[in-house]
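Next up, some structures in structure tokens.
You will see two complexes here that share chain A, one where it goes with chain B and one where it goes with chain C.
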Partner chain A sequence: MQNAKKKERKIISLVIVVILLLLAPLFISNYILYLAGVIMIMAIVAQGLNTMIGWGAIFSFGQPGFMAFGAYFGAIVSRQFPMLPFPIILIVTGMASALIGLVIGFPCLRLRGFFLAMATYGFSSALFVLINFFNNLTGGNEGMYVSPPTFGPLVLGSIEAIFIMIVLIGVIAQFFVSNISKSKTGHAWRSIRDGEIAAASLGINIAREKLKLFTFGSCLAGVGGVLYAYLIGYLQADFFSSMGLSFFLILVVGGIGTIWGPLLGSVMILLIPQVFGGVFSQSMNLVYGAILLIFVLVAPKGFLGLFESLITSVQSRRKA
Partner chain B sequence: MNNTKDSILTLQDISIRFGGIKAVNHLNLDVKEQEIFAIIGPNGAGKTTAFNIISGLYRAQEGTVLFSGTDITQLLPHQIAHLGMGRTFQNLELFTLMTVEDNLMAARHMHTKTNFWNELVRNNKVKQEEDRNREKVHHILSFLKLQDIANKNVTDLGFPLQKRVELGRALALEPKLLLLDEPAAGLNFVETSELSQLILSIRKDLGITVLLIEHDMSMVMSISDRIIVLDYGKEICLGLPEEIQNDARVVEAYLGKRDSHA
Partner chain C sequence: MILELLIDGLAVGSIYALVSMGLVLVFQATGTLNFAHGDIMMISTFVAYALLVQLGLPFFVVIPIALCFAAAVAMLSERLVVRRLISGSGPAIIMGTLGLSYILQGIASSVWSDDIFAFPKIFKGNYITIGNIRLVPQNIGVVVTTIIIIVMLHLFLTKTKIGTGLRALTQNRVAASLMGVRVTRMYALAWAIGGILAAIAGILLAPTLFLSTGMSEITFTAIMCAIIGGFGKIYGAVIGGYLVGIFSSILPVYIPTELQAIIPFVLLMVVLFIKPTGLLGKKTIKKV
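Now for the complex of A and B:
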């Protein structure tokens, strides 16, 4: 009974937050909207990495590459086929990214730990080179402009419209991840993280589940990429190659393996330059490095873990 | 008595070599359905290696393994699990970041008939399957008297309880054959006798055949139908508990030859 009530309350508060987010464009300046959009996109891509690392112990450096792939793929498809409505482009890009994930994951997932990280890093680096190489498609070093998303005669060129799109996709992605987390597949993925031998002894096909997980995470990165393309309106390979470690940073700060960690981490990591921008504008990496060090040493479970242990300690004190 | 029953597991002339060492050397074994069969022998006799061959972690270099009539010699561990074989591990292989309940839920993998797309949207079928699995898991937890700690993290439990959780996880697979690798190691006298009752009840109430490796002789002698003694990867002796107890070769394998100087 109490559980149902709790769940109801949780759902209601979530709905209120989403409605507020959707209404936000009415009250908030374009700059804040843009920043919030980037935060949510980074959260979606980081969520993909979160499922890989937090559930499957798959340390992939491929996220920036898959994000770039999604961004360019979506941008090129919408340029070549201007008639296609944006939901189709999002779905097709997601599927294409998943397919690339499948193709890259198949050989790479035979590797583990450091070697897997290097192989996926190699994929990302190669992709950035390829993007600049095929400059007739991608604009190469000069970059390419992205045509705004359309839906029939509607052109959703305004930042408000794109922001709402990002919120909706973010909610759907979060919904999918939370569902998978509770399901048979979620259990299988986490059991692989905790012990492959035991997982195999329970009838879990390790190779197949890892590939599924890698594909899922790549798909999220690709969808994040196309949203990024729409939001920024202009693409350069450098945008993505410079993201490098930021997804790891987001996860470490937010809390690896938690459902809300990626969003929380994105908010914190992307707001830091806003706060410290004046003083440290030339040395943001120094700030990030310090944050990473502090979290790894003091709060390896991230901000969410810190919060949880705070709550439990307060509760146990109240009991005593 | 056993000859009237069908074999569930047959090892025919199994050998495996690690470098120059023959860890298992032309081993033959025939476990009948509903039997409690024990493998004993000194450390390094190849008992766990034999387990790893049976459950597919190692591949035998010679010989054949048959499980319920299927040749499983070349199969992978997860394929063998699908045929109905569950196991525990000598050094515990629990999912340490999960609760007790989730450890058992993970074992319901192959009994859950949902696919990824159902699970993405979490439709009614997924919820029904989950409820069914949770019911089964709680049934097993209460069978093992673990229901009160279902939501505890496994790392918060003591070693004996962790061992019982691992046993529960193997049972959640609903196996036909259960392999137990030193289930009584690290348990005290009371816990060991409880475990003996539990294993007898697993056979009697759940109809599961049990193949176990164990060093605790009082337990092995009291619950086993038959016992095989290994040394240096070879069978020294096979028979009923009372036959094993009085066999000179067994005493020699454990304690050394009577006339040799220590």
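Now for the complex of A and C:
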């Protein structure tokens, strides 16, 4: 009974937050909307990595590559078939990214740890080279413009419309991940993280579950990529290759393996340049490196972990 | 033509071999894959540049200082960051060395900026022509230096007591410490040697590739070389380095040059497909 009430309250508060977010375009300036959009996209892509690392111990450096794939795929599809409404493009791109994830994951997931990390890194960097190589399709170094999302006769070119789209997709992704984590599959995934041999002895098909996880993560990255393409309206391979390790940074700051960690982490990581940008513009890497080290050394569970341990210590003090 | 390219490839491969040897040495001794390896190389090359060009010191003074600097940076990283994380989870160490990489990158770009600098050549002189092959002194110097260093490292690891201790550590950490090998000291030593190898590679590479903060991206290529050779084998890293170097010099004759950057990756995929443990790697069975 208590639990049901708690759950109800949780859902109501979530709904209120989502409604507020959807209404936000009425009150906020375009620049802040744009920033919030980028934050949410990074959170979606980081969520994909979060499930891979946090649940399956799959260290993938491939996330920027999958994001670039999704962005270019979506942009090219919507250029070739301008009549397609945007939900179809989103779904098709998500499926295509998942397919690429399946194809890449099948050989790569036989590897472990560092080897896997390098293979996925190689995939990413090879993809960036290929994007610049096929310049008649992608515009190469000069980049390509992305046509705005359409729905029948409606052209959703304004930043407000795209922002609402991002919020909705983000909510769906978040909902999906939090539900999966409670399901049988979620438990299976986490048991792989805790010990592959033990999990295998419980009858979990490690190879298949890992492949599922990798495919899911790449699908999220691809969807994030399309949203990014819509938001920016212009694509260059450098955008994605320069993201490099920022997803790891986001996860470490937010808290690996937590459901809200990616969102929290990307809020913090993307706001830092806004705050310190003037002072440290020359050496942003220094700031990022220091943050990464401090978190890894002092608070390895990220901000959410810090918060949780604070709460438990307060509670235990209250009990005592 | 092909022979000239082959020698080019050997020179590039020497650099890769040096960098990935350092990586593998550190990995073997401490179980840590150092993502900041290329950054240690980059920042010590920058120090060498500052001493050489900005202070005008001669090479025989600069090189020892740069190598000591590299060793110091490597040992400091080990002492301050990696040793605190080594007992923790795998992700923590990866994140830790990635953090180090960011920091070194940030320091270099705030001190020297992200521009490209021309680095003076150690091996000067004109082309040497043998038959119709033109040899560049720089390339020959690089290859010869690398071979000397590989031989020295081999002698150090097999003939000296400290080297034997280092090898014992790679086989069984607990047994080695029970036999009187000072484990923490060996960690520091492995990192120092790795740093020195990286700095040598940087000073050899900088004249042909120019010096910039982007130089540190070599870490990833070097890791691929090490995996191709079979991670955990120092001589595997040498083989992997030379293979990648030669292939990425010769293949651009036959394929578009824009695709040169993906050659190491393709090579890695081919090797892993045929032999998932790398060329010299042995299959290990994991026990509970």
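As a working rule, the second predicted complex is superposed on the first by the 320 of 320 C-alpha atoms of A that agree within 3 Å, B and C clash if a C-alpha of one lies under 4 Å from a C-alpha of the other, contacts with A are read in each partner's own complex, and residues count from 1 in each chain.
What we mean here is this: a residue touches a chain if its C-beta (ideal position, glycine included) is under 8 Å from a C-beta of that chain, and two chains touch if they have at least 3 such contacts.
Computed from a predicted structure; not experimentally measured.
Upon superposition of the two complexes on chain A, no clash is found between chain B and chain C, which fit side by side. In the superposed model, more residues of chain A are touched by C than by the other of chain B and chain C. Touch criterion met: A:Ile53 reaches chain C, while chain B stays clear of it.
By the touch criterion defined above, A:Lys182 lies against chain B but remains apart from chain C after alignment on the C-alpha atoms of chain A. Using the contact criterion defined above for the overlaid structures, shared-chain residue A:Asn205 touches chain B, although it does not reach chain C. By the document's definition of touching, of the two partners only chain C reaches A:Phe114; chain B does not. In the superposed model, A:Leu245 lies in contact with chain C only, and not with chain B. The superposition-derived angle at chain A (between chain B and chain C) is 80°, Cα centres, a multiple of 10. In the superposition on chain A, A:Pro87 makes contact with neither chain B nor chain C. Once the two complexes are overlaid on the shared chain, A:Ile197 sits against chain B and chain C alike.
Contacts of A:Val296 after superposition on the shared chain: chain C is touched, whereas chain B is not. Superposition on the common chain A brings chain B within a closest Cα-Cα distance of 7 Å of chain C.
Shared interface residues of chain A (contacting chain B in one complex, chain C in the other): 195, 197-198.
Across the interface of their complex, chain A is touched by residues 55-57, 76-78, 81-82, 86-87, 89, 93-98, 102, 105-110, 112, 114, 116, 119-122, 126, 129-130, 169-170, 173 of chain B. Taken together, the chain A residues at the contact with chain B in this complex read 176, 179-180, 182-188, 190-191, 193-195, 197-206, 212, 257. The residues of chain C lying in touch with chain A in their complex are 33, 81, 84-85, 88-92, 94-96, 98-107, 109-110, 113, 220, 223-224, 227, 231, 256, 258-259, 261-262, 264-266, 268-269, 272-273, 276, 286, 288. Listing the residues of chain A that touch chain C in their complex gives 53, 57, 59, 107, 110-111, 113-115, 117-119, 121-123, 125-126, 129-130, 132-133, 195, 197-198, 245, 248, 252, 256, 282-293, 295-297, 300.
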